[in-house]
Structure formats: structure tokens, C-alpha cells
Amino acid sequence: MYNKGTIIPGLIIFVLFVTFPIWFNGLKAGTLPKPELPPGGEKKCVMPVEYMRANHMQLLNEWRDNVLRDDNRTVVTVEGKKYRKGLQMACMQCHSNKEKFCDNCHAYTAVKPYCWDCHLTPKEAALKEETH
Amino acid sequence: MKLDEAFRNYREKIVDRWVEYTLSTYKSSSFFIKEKDKFANPVGGNTREALDALFGLLAKNADPQEFVAPLEQIMRIRAIQEFAASVAVGPIHAVKHITREILSKDKERCHLVQDLYDFEFAVDLAVLAAFDLYMQCRERLYQVRIQEIKTGNYILTDSKCPTNLLKTNIQESLKTVENH
Amino acid sequence: MKYAFSFLAVIALILIAGLGSQIPGMQYFFGVAIPYLAIMLFVGGFVYRVMQWAKSPVPFSIPTTCGQGASLDFIKQDKLDCPSKTSEVVARMFLEIFLFRSLFRNTKSEIHDGPKISYESSKWLWLFALLFHYSFLLIVIRHMRLFIDPIPFWLSAIEGVDSMLQIGAPTLYLSSVALLGGIALLFGRRLVNPHVRYISLNNDYFPLVLIFAIGLTGILMRYFLRTNIDIINIKNLAMGLVTFSPVITVKIGAIFYIHLFLVSTLLAYFPFSKLMHMGGVFMSPTRNMANDSRAKRHINPWNDPEIKPHSYAGYEDEFREFMVDAGIPVEKELSAAKDEA
Amino acid sequence: MAVPKLEQLSKSVVQGPSLATGAVPTKDWMDIPAIFKPGNYAYPAKQEKVAYLNSQKDLHFPNAREWSPEDDDWKLPEDWKDIILKGLKERLDKFRSLKIFMDCCVRCGACADKCHFFLGTGDPKNMPVLRAELLRSVYRNDFTLGGKLLGAMAGAREMTVGVLKEWFMYSYQCTECRRCSVFCPYGIDTAEVTMMLRELLHLVGVGINWILEPASNSNRTGNHMGLQPHTFKDNVDFLADDVENLTGVKINHSFNRKGAEVLFITPSADVFAEPGLYTAMGYLLLFEHIGLDYTWSTYASEGGNFGLFTNNELMKKLNGKMYAEAKRLGVKYIIGGECGHMWRVVHQYMDTMNGPADFMEVPKSSITGTTFNNAASTKMVHISEFTADLIKNGKLKLDKSRNAHVKATFHDSCNPARAMGLIDEPRYILDHVLDNWVEMPENTIREQTFCCGSGTGLNTDEIMELRMRSGLPRANAVKHVIDKHDVNTLSCVCAIDRATLTSLMNYWNPGCNVCGVSELVGNALVMDGENRQELDEGLRTLV
Amino acid sequence: MDKQRRKFLKIAGATALAGIGAPALVRLTSSTALASEHGAAVEGHAAEAAAHGAHVEAVPQGVRLGMVIDMRKITEQPELLDHAIAACNNAHNIPQFDNRKSEIKWIWKAPFENVFPGESSYHLAKKVEKTDFAVMCNHCDDPPCVRACPTQATFKVKENGIVAMDFHRCIGCRFCMAACPYGARSFNWEDPRPYIKKYNKDFPSRMRGVVEKCNFCGERLALGQEPACVEACKGTGAMVFGDLNDAKSEIRQVLDKEFTIQRNPSLGTKPSVFYIV
């Protein structure tokens, strides 16, 4: 073998790059995130759990267009309780702890939804209510 | 003078077809047709340039002497490519057929086809000139060969035993060089 | 119809994974066994191929010089195109590998009336290639989010930049669009451009179709066929794979297994195909050597010192008489040579 | 209606269907055989030349025989296939470049339209990528897993006599000019592939005479022409006499002189064939002008090296004479004349093959005091570098008006441009010896220069048409500057160019001369004590 | 008809200045004619105007929400406007910046000559001169901002004529700001959150780089409430809100009765906010 001096380091860099996850994780798979269920004890969501796990972002988008663009602000009723369509007005009513419910999984999968750039978490909303 | 006008209107179309037809005699015709850079594509570029000029001359019934320059530009190339003489010259003819076809498709001008006699006669003259030029180019090629031999390059391969050559051949050929 | 074969092959792969993964118990095969096998083939094969290359020496210094070399002080050297130092070689290689400089070099001239010549570049191939390769790289890096935990800042940043336009939910990745666009154009070029079409082989179409299918299944999975596509489960499987404790506990949609199987195919195919240009581009002697062969001696390990020129002594022996006659100095005078004889 | 008639027009009635197919080949390239006809191949090597080379120590040129490419039977040795495959294996192990170039091509097509052979002939197999595929397909079949498993699916094919014939056809329709390599994203150099193809063909006794005969001459007598020592001396003496006739300056030159400071080696064509000999007269004047202490050698009287066009061993053997002679004569360094492939060998191979040249000193011009660090190891300086340095240091008395008859352009020869990086030195010289000269279009000069079309031993007259075809891109660019700027001289720094461009110009652009840069220097030099005649054509003036 | 002629001349001059060609002139004048017709109608020729209008454009259909601001009431009770602004700020999480450049305005105060730059303010009634006018997005029938928006983040709600914004889509190009002749749009130069005094938890805030403006309280309308500002002035009649296309609506009653003016009607944007001065 020739040019060992550059080829072997090159190959090592390549292998390290490809196996990056292995040594980065150090064989620790980490804990699977578990979103906290509503503290209020609600059992039923607007859609089945499986659907919500896979499609909540699409549902939110749909709602958004309903409310903002189609002027379709029909109310969602779950177990007799009425909710206005909207992240703050519906979802966060039950899932009031964003950190434990949303961020848990989002951080795990590096999903950074831009919802919270504008929408207020219950915690944030409460913060400036008190000072007033 | 309506034919004149038809030639003017259709010049681009006829020349395009003509160039395309001429270049289609090559294996990689599509490259020759598509690549417009004259330096990156000398065969296609020169063919296009020359045929366009030639068509202008044919259409205005120019002095056949003037055909020589554009024809030479093409024949010089085709004379050294692997074409039979007829195929090398053949595409010059094609403009007759192409012009007829294009004119007869135009309802308003199809009657002009009858007036093409002069034009076609000019094409015939051009074809004959092309044959002459083809032969001149071939002739030139043999001249180049002889020239090369004269300048001494052949010694590279046609020397036999160097020692034998020493006294006879090389000295002789040297003289030819000196004389030259 | 070489490209048709590639389509058929990829469709067959899709069917295998799509149907196979639905057979109970086969999820483990498609989700764990195949990916492991593929990555082993990829890394092993890649290293093996590079080692195979490295086994052959570079006997001569043969850089292609694309500009003025280093010579006299007052002649300006083109350091990037004709490097004479290692640092310049590194710069040349960097531009070559990261910006595809050689493909960028294409120029076209046009003659205008005058006659004047103007030059413009013809850089479509360069553009498509760059688009394709960079989006591919970005996509690979982006997928790291499924394989590592916790996710470092830079990875989130890349993710953020890639989904900058915030279109749709989940957000549309620019790199996905660029990849499919780039690949469609590279593929279209092979079909439309007659001389590229003429030189194309099955093994040129296949990787393009395969990568296109990978991109497509990825997009379908992310945006459309979301049944049983819960990213938490997928990451759980991925993390299991890279920590050597794979588990499949839940049902994952068939589209995921198809995507994974196609990626595995690509990984396994990689080292044994032209895709190895990824490694080869670093090792091409016409690009990675300094043009300093007159200043520094390059060593050829198999140089045979026994190969000697026709010796002067033999030459003089043959022509001594003539040389003496012509007054050319000789080593041995005529008489001496005769005496010896 | 009109279309069928047009089709008939492109068919030769006498010769039957010609090569002109009227379309892009519909057949796959693997299915189109190579057909040899007079004019499309160079003559095979004479039996005795091959036998002579084979008889030399360390050389291997087996299977000397009479054969013709036009015959069906090429009289190959029985185990020719084994020989080829073994030879290929051996070369894969010896050259990393070959392995990389076999494995990395992605057939992007960037090289396809860069080859002058393709541009002049339109034959798709002259696209560099396909030329390499000719070998690659066999390589895949026998040396890669994919090819073994998938065969034709993976673009692999069996080695057959047909493939061998194709190799012969297309490895001798490549001048190893490296233009494709410039544009390849991986730097794949078809020259390397062609060299391997030619080496493999020599293993089964397939070679062309125009390469092997000069090579055997060179081995024996020191130069391609087969000039023996006294003849060589006579020739140079003739030239010196001519110079004296023209300028009244007596030239002091010497041969095989021990203790000279410099050994001067130039292609033998320069001392023998027109128009190279004017360039040689230029050298003589230049060295006389500066009073250089130098000697010619009759033993190392050839700069060129046709071994480069055959195989490594022969290249090394022929090249070895340069150092051997430098050592014997005890010179301090070597100056090399204007030549393309000679400089490829000197620049990229010589020191590696026959070095280290530690018996010489790092070249230092005794006239200007400049040390040529770029030649520190090889100890060989290009005449253009040497001259440019002299000009820069004001050591030459030059009168540009003596070149008033010249309106020049400059042709970059492939090897100096793409294998050496010698691009601006000749231009610097031209700037100082000519009132004005012009460049050809940008995409035909410098590293993008078009080959003369007849390099690598292809400048033989039996393939004159082929040479004219492949030289068309160059001639076309020259024509442009002739039309636009009234150029009448094509200058270059290559002996093969001087020979082949002359023919090329004779055909394409009659009236355009070809000259070496040193000839123009010689024209312009104002010599001490000269008694110069009215030279309205410079050194070419007949008196 | 003297007044109408004067307007016509003014527009002709303006368009000539702007270098707009003849066809544009025709278009602009015809639509202004409509606007002045409207003015005429208010003067008591309702039936005639309706018939006239029908010739020029299709009979108005559906709901078109609009507002009448009775400046006479606000002049009497200037604090009404402060209440209205505060109500809006609270309802929409509007930040309060100290520097004017960053200011976010949905409903704001401005002097007469700024609000009605086309009207002469020479010898203006003292009370008008001193009063701050309430200004907000005009929810034009033909809104130039909607045409300017490259992402359709600003759009016209078909059902009620509100010129609405989808902040999610806004890319902050600010074309709409350039297009709006009323300056009704504000750009978030800074992150607004630290400057929001009090959060309305039912409404989002905005992020940096987004344009915003009055939305006629679309979210409150959906709950059957009136816009926040209107509610703040409840009972005073200072702000009347309703469907301009409903002949029986309160707002139409007011419009039919009172002389109202619109901001810069000559531009042909057909504002939905009317002023009683």
C-alpha cells in the first residue's frame, strides 16, 4: 500500500464520518420520550391517538386554513366540551404543559415547529396576566 | 420579383434544413447540428457559415465564380472525411429539393416552384464547381504528402539499415532538402 | 432501452420491500438485518476499494497542468491550476471537490459581426451536478437527527435552514426539492442529449433512478402516506440500530420499509459501482499532485534500475571510425580500440 | 415525397452504403465493429524493427511478424487473450491512475466534445469517454464484481479479437493530448488509457511502424532519423554554415565535448527536417550571442522519445541516454530544445525513471546568474525558460523590425501546456521579438489548446486524411486569426508541431508558415560583428 | 355638480403628473365618479344613485363589513378613542414601543390633515383641527396590498370583505406596506413579545419580520362579538360597525342619513371606513 500517510487518515475520517452516530451516542440509545398526558385528566382528543401522533401537524395546518382563510371557525366538540379551533384555544386547553407535552418529542427528533414564535403557551400567557 | 421575396422570407428555414441535411451525413450529426460554437464544433460551424453564404449567392443568381469561396470552405472539410466523392458533394444538391418542398407547402407561393429553373441551374453549377473543388482538395492532400516526404520526415521510417543509408540515401535526400 | 431496465429494477425493489415488510416477522429482516448488512457492505466495500487503489503506486508525477506553472520570478504562476506546493494542491483539490471546478471550465465562443468573439460559459451540467450533490449531502446530514440523541445545535441549525421557507407541515425541505430537481435534470440530460445518451450505460441510469425513488419515497412518507408513520417510533428503531440494540415494537408503515430498503440497496451498491467516484475524486493523480516533478524527484517503487540505455561504449564501438573521421572526440582512439580487439 | 429522394442523395451508388449513415448510430457502440480501410490506419510495424527491439536487453516486443490490419486474421499468438488480461492485471497493479480511471468515470459527457478527433470525425468512439470505455468494458468483465455478476447489464464485455481491433483503431486515433483531462471532474486522462492500450497491444505484437522504427533508430544511433554521429555533426555544421552565410557570424559549436558547462539536446527533427532546422539555426545564433559554453551530443542526439508512445520500458531506455551522456561529459546542467513530448518525458518522467541526477548542479545561468529552482532536481532547463530569463535580464540585443515580415500567432503544444505548465514563457519571448502577434480564440489556446492532430507518432502520411480531420479544430482557429488579423505565421514550441502543422496549414490554410519560437529569436538577434545580408524572410531567406 | 367637476380636474391633474396614460385615466375617473356618486347619494338622492351605480358595477352581493366613525362624538369625548385603542391593544397583543420607528399600529390617532390630505385644511374648524382622528385599516373593496402580496398572506375574505392577514405566510417583504396608501400596516422590526403589556391568551402575538394590521376583529366576530374598538365605544355611537350591503343594517341607516367622507377615495380603493366630521 502506498501513500499510507494520507490515505489511511482519509479513510479513518471517512469511517468516523459514516459511523458518527455510533460514537456520538456512545451506545446509549437514550430514553424514548413520553408526552405527558393532560394534567386535567382528559382522556379523549379530537382524533384518535395514533392519528394525532402521526398527523397532528397536518391537522393544525388544516385548522389554520379553516379559521384564517376559509372563514370556517366551527367549534370542535370533544366529550361535550366545546373548543374553538386553534392551538391556544383548543390543544393547549388540555395539553397545558407545552414543555412536557410538545417539546419532549420535538426535541428528540429535532423538530422545531415555529408555532411558538407567535402563539403563546399557557405559561407565557399567564406570566403577563399576573403582572397586570 | 416575387421569387426573390420568397427566398428572403424562407432563407433561414431553407438554410437550416440544408445544414441539417448536410450534417446528417455524419455519425454524430446531432452534436454537429446543435453545437453552435464555431471553435468547439468546426465541422458544423463551417458548414453552417458556408451554406448560408452559398444560398445567398444562389438565390440572387450571382456570378458562379463567387460560389468558390463558400464551396471551398465545405469541400475542404468533406474531402478529407470518409466520404465517397458523390456523398461528399451530394448535399450541395439537396437545396434544390428542400427549396421545392418548402415553397410548395406555402399555398400562396407554390406557383413559384415553376420559376425555380434559374435557381436550380445555379445549384447545378455549384455542384459542378464542388466536384472541381473536391478534386482540388484531394490533389492538395497528395501535394501535402509529397511535401512531407520532401522535407525529410520519411527518413524516420524508410531508412533501412542506418549504415547502408549513410553513404547513399541520406546524403541524397539531404541534398534535396538543401536544394529545396 | 437501458433506462427502462433501471426503472423495472427499482420497481422490483419497491415491491419486494413493500410486500415483504407486510409479512409478519419480516419487519425485523427489513428493518434491522438488511440495514446492518447494507452499512457493512458500504463501509467495508468502500474501505476495501480505496485500499485496492492504494495498493497500486503512483509511479509518475502526472498532474494535468491547467495553467502556467511555477518557473521564473517574473512569470506569474497560476497557483490553483498548476500548483507547485502542497498547500496549492489542497486548494486545487478543494475547489475541485467542493465546487466541481473542472466542470465549470466549459466555455463557448460566439462570433458576432465585426467579427468579434465573445465567450460565455456553458454550465448547465455544472449547475445540476452541484445542486444534486449538495442537496444529497444536506439530506444525509439532516437524517442524522434520527440517529443521534441529544441533537447538537448545528444539526438543528441545518434543519432550520433547510426548512427556512416554512411551507406546509411538516415543513418542506429545500434540499428535497433541489435533489429531485437536480436528479430529474441529470436524468433528462441523459435521455435528451444524443451523445450523452449514446455513452450512457445501465449503471448510469440505475443509480439515478434509485436515488430518485429514495427521494420520492421519503417525500411521500413525510407528507402524504403518513399512516403509521410516527417519527418517534422510527427514531427509536434508528437509535436501536446505531446502539446495537435494535427493537421493533410497533407497526411502521410500508412506505418506511420501502424507503429504508432502497437506501440499503444504494449503500450496498455504492462501493461496487461508479458511485465510488466519491472516493476516487480524492485520488486522481492528475489532480492531486503538485507540478514540481523537475524540482523534486518523484519515486517510482517499481522503477527498474537495470534498464539501461544502449550504452555509449556500444555506440562508440559501432561508429568509432566515422566519429574519428568527422573529428568528434572519442573515449578510445581507433588504434587503441583495435589493439584491444 | 421529397425525403426519400434526399436520402438517396446521400448514398454512394458506386461504393455502396458509405460510413455516412444519415443519423446518430442506432446501434449500441459495442455492436459496431472497427473496419480497417486504406487511409484509416497507420501501417503496422515492420517485422525486423519489432525483432530488433525485442532483441534489446530489458525490452519486450514479442510476436514480430508480417500482418495487416485489413486482414481478418492478425496472426495473434495463440494465448493472446491471456497475455492481454495478464498484462492488464499487471498494469492495474503498477498504475493507480489506471485503476482510478477505470473505476471513477460517471459518463457525464463533459469530455465528449473536447476531443479534436471527435470534432473532426464525428465518430462517437472518438469521444474520450467511449475510447476509455473500450478498455473499461473489458476491465469490468474480468476485474470487477459487478461485471462478473451482471455482465452486459453492467456494461461489461468479453475480450475478443473484435475488441482488440477496436483498441488498435482508437488507441491510434488519440494523440494523448490531455485536453479531455482538463474538463473531466475527476481529471481522468485519456492519455493514460491510450498508453495502456498501446502497451497491451505491443504485448501481442500489434504496433505501428511510424512509432517503432524511429524508436529503434533512436535506440541504436541516438536519434529517430537514424543519423549516425558524423551525419548528425554534418547537419549541424551545415546549419552553422548557413547561419554564417546569412549573418556573417561564425558559429562556434562543438560535439561530445567533455567539460562543457551545458549539454544541449533537441529533437533531431530540428537539425534535419524543415522547418525545424530554422529553429535550430535560432539556437545556434542564440548560444553564439551569449557565448554559452555548451556542447551537442551525437550519442544523446534525440530529445524526442517515441518510447512514450509504446511502453514504459522503452521510454526509460531511450531517455536514459540524456543523463548517461551528461554524466560522461561532466556538464553542469542540460538545456532542452523546443519539443512537446520530449518535455513531457523530461518534465514528468525522466528524474523518476533515470534519476537522481546528482552528478550535475542545480541549473544556474552563467550569463544572468539566475538559478532555475524549478529544475533543481531534473537539472534540465527548457530553452524558452532560458531565453525568457536572458531577455528579462537584458542580455539579448533584439531588433523586432527584423521580424517585420512575420505576423504571428502562437500555438500551445499539448504537452508543454497540459503536462508541464509552460505557457507564458514563449509568450514572453514573442512579446520581445515581435512587433505584434495575436492570440487565437480563447477556447483553443493555453490549457484548452487544440492538438495539431498528429502527435504521439501519428504524423505518418498514410493516414493523411485522418490527420487533416483531427487537425481541423486547430486549423479552423488559425483560419480565424488569418481572416481577421492577416496572420501569416503559426509559431510553436514543439518539433512534431513544426512538422505536422506545416502539412496541416498546407491543406487548410495555404500560405501560413510554421516556425519555432527560437527561429523568431534568431531572426531578431543583433549579433556582434555581424555582416548581415538583406534578410526579408529572416533565417528562411534564400541567398 | 361643481364639486364633482372639481374632483375630476384634480384627478386628471394627478394622473397626468403620475404619467399614467389615457386608458388608466378613464378607469380611474369612472371609479371615482362612482365614489362621488356615493357622496351624492348621501346627500339625499339615494334611489337615483343606486340605479346609477348598477350601471357601473354589479349589484353588491354578500356581506361587506364596514365602519362609520363619528368624529363629532369623539371630539366631544376624546377618551373614547383612547379606550378603543387600549381595547384593541389588549385584544391583539399589540406591543408598545417607545420609539416611533418600531411602532405597531392597528388603530391609531392622527390629525385631520394627515388623515385627509386631499381635503383642504385651510381655515379648518378649530374643533376639527384639534381633534385626533381614529385611523385604521380601511378594508378596501379593491385593496392594493392584496395585489402586492407575493405569498397571499394578505387576502380578502370572500364572506365578509375583510382584508385579512395570515401571519404564518408573511415573509416580511413589505410590498404591502409600500402598496397601502393609508399607512395602515406596521412592520415588526423587533421581537414584539417583551413590549406586550398584557397577553390575551386567545390571540397570538407576532414575530419579528412580519407585517400586521387591523383585522376588523375577525376572531371576535366569529364569537358574535363586535370589534374591540366598537365595543369600547358602545352606546355612544362613535363607531358603528356592520354590513354595508345590508340596507337595513345600522351602519346603512347612519350612512343614508349623514354626510360621510372616506380617506382618499380618488385612488379607487373603495375604503370601507367612513367618517362623519
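In this document, chain identifiers A, B, C, D and E correspond to the written order of the chains, with residue numbering beginning at 1 in each.
Everything below uses one rule, namely that a residue touches a chain if its C-beta (ideal position, glycine included) is under 8 Å from a C-beta of that chain, and two chains touch if they have at least 3 such contacts.
Predicted, not measured: the structure shown is a model, and the values here were computed from it.
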Suppose you hop from subunit B to any chain it touches, then on again the same way; how many hops at least until you reach subunit E? 3
Minimal step count in the chain contact network, subunit D to subunit E: 3
Greatest number of touching C-beta pairs links chains C-D
Work out the mean Cα position per chain and let me know which chain is farthest from subunit C. E
Chain nearest the overall Cα centroid: C
Centre-to-centre on C-alpha atoms, which chain is most distant from subunit B? E
Length of the line joining the C-alpha centres of subunit A and subunit C, rounded to whole Å: 37
Inter-centroid spacing, subunit B versus subunit A (mean Cα positions, whole Å): 73
When centres are defined as mean Cα positions, the distance from subunit C to subunit D in whole Å is 32
Subunit B and subunit C, separation of their C-alpha mean positions in angstrom: 44
Using the touch rule from the top of the page, what residues of subunit B touch 2 or more other chains? 28, 30-31, 37-40, 166
Shared-contact residues (touching 2 or more other chains) in subunit D: 24-25, 96, 112-113, 124, 220-221, 228, 441, 443, 480
Counting only residues that touch at least two other chains, what does the list for subunit E look like? 168
Which chain pairs here would you call touching? A-C, A-E, B-C, B-D, C-D
Residue numbers on subunit E that touch subunit A, as the complex places them: 93, 155, 157-160, 164, 166-168, 196-199, 201-207, 210, 218, 222-223
Using the touch rule from the top, collect the residues of subunit A that touch subunit E in their complex. 64, 68-69, 71, 73, 84, 86, 88-89, 114, 117-120, 122, 124-129, 131-132
Contact residues on subunit D for subunit C in the complex? 24-25, 29, 56-58, 92-101, 103-110, 112-113, 124, 127, 129-130, 133, 144-146, 153-155, 178, 181-189, 192, 219-222, 228-230, 233-234, 255-258, 298-299, 313, 316-321, 324-325, 328, 346-349, 351-353, 355-356, 370, 372-378, 380, 385, 388-389, 392, 417-425, 428, 441-443, 446-448, 480, 483-484
Touching residues of subunit C toward subunit A in the complex: what are they? 39, 42-43, 46-47, 50-51, 54-58, 144-151, 155-156, 159-160, 166, 168-170, 226-232, 235-236, 239-240, 242-245, 279, 282-283, 301
Hey, which residues of subunit D end up touching subunit B in the complex? 1-2, 5-6, 9-15, 18-25, 37, 39-40, 112-113, 118-124, 209-210, 213-214, 217, 220-221, 224-228, 231, 235, 238, 269, 272-275, 441, 443-444, 459-461, 464-465, 468-469, 472-473, 475-477, 480, 499, 502-503, 506-508, 510
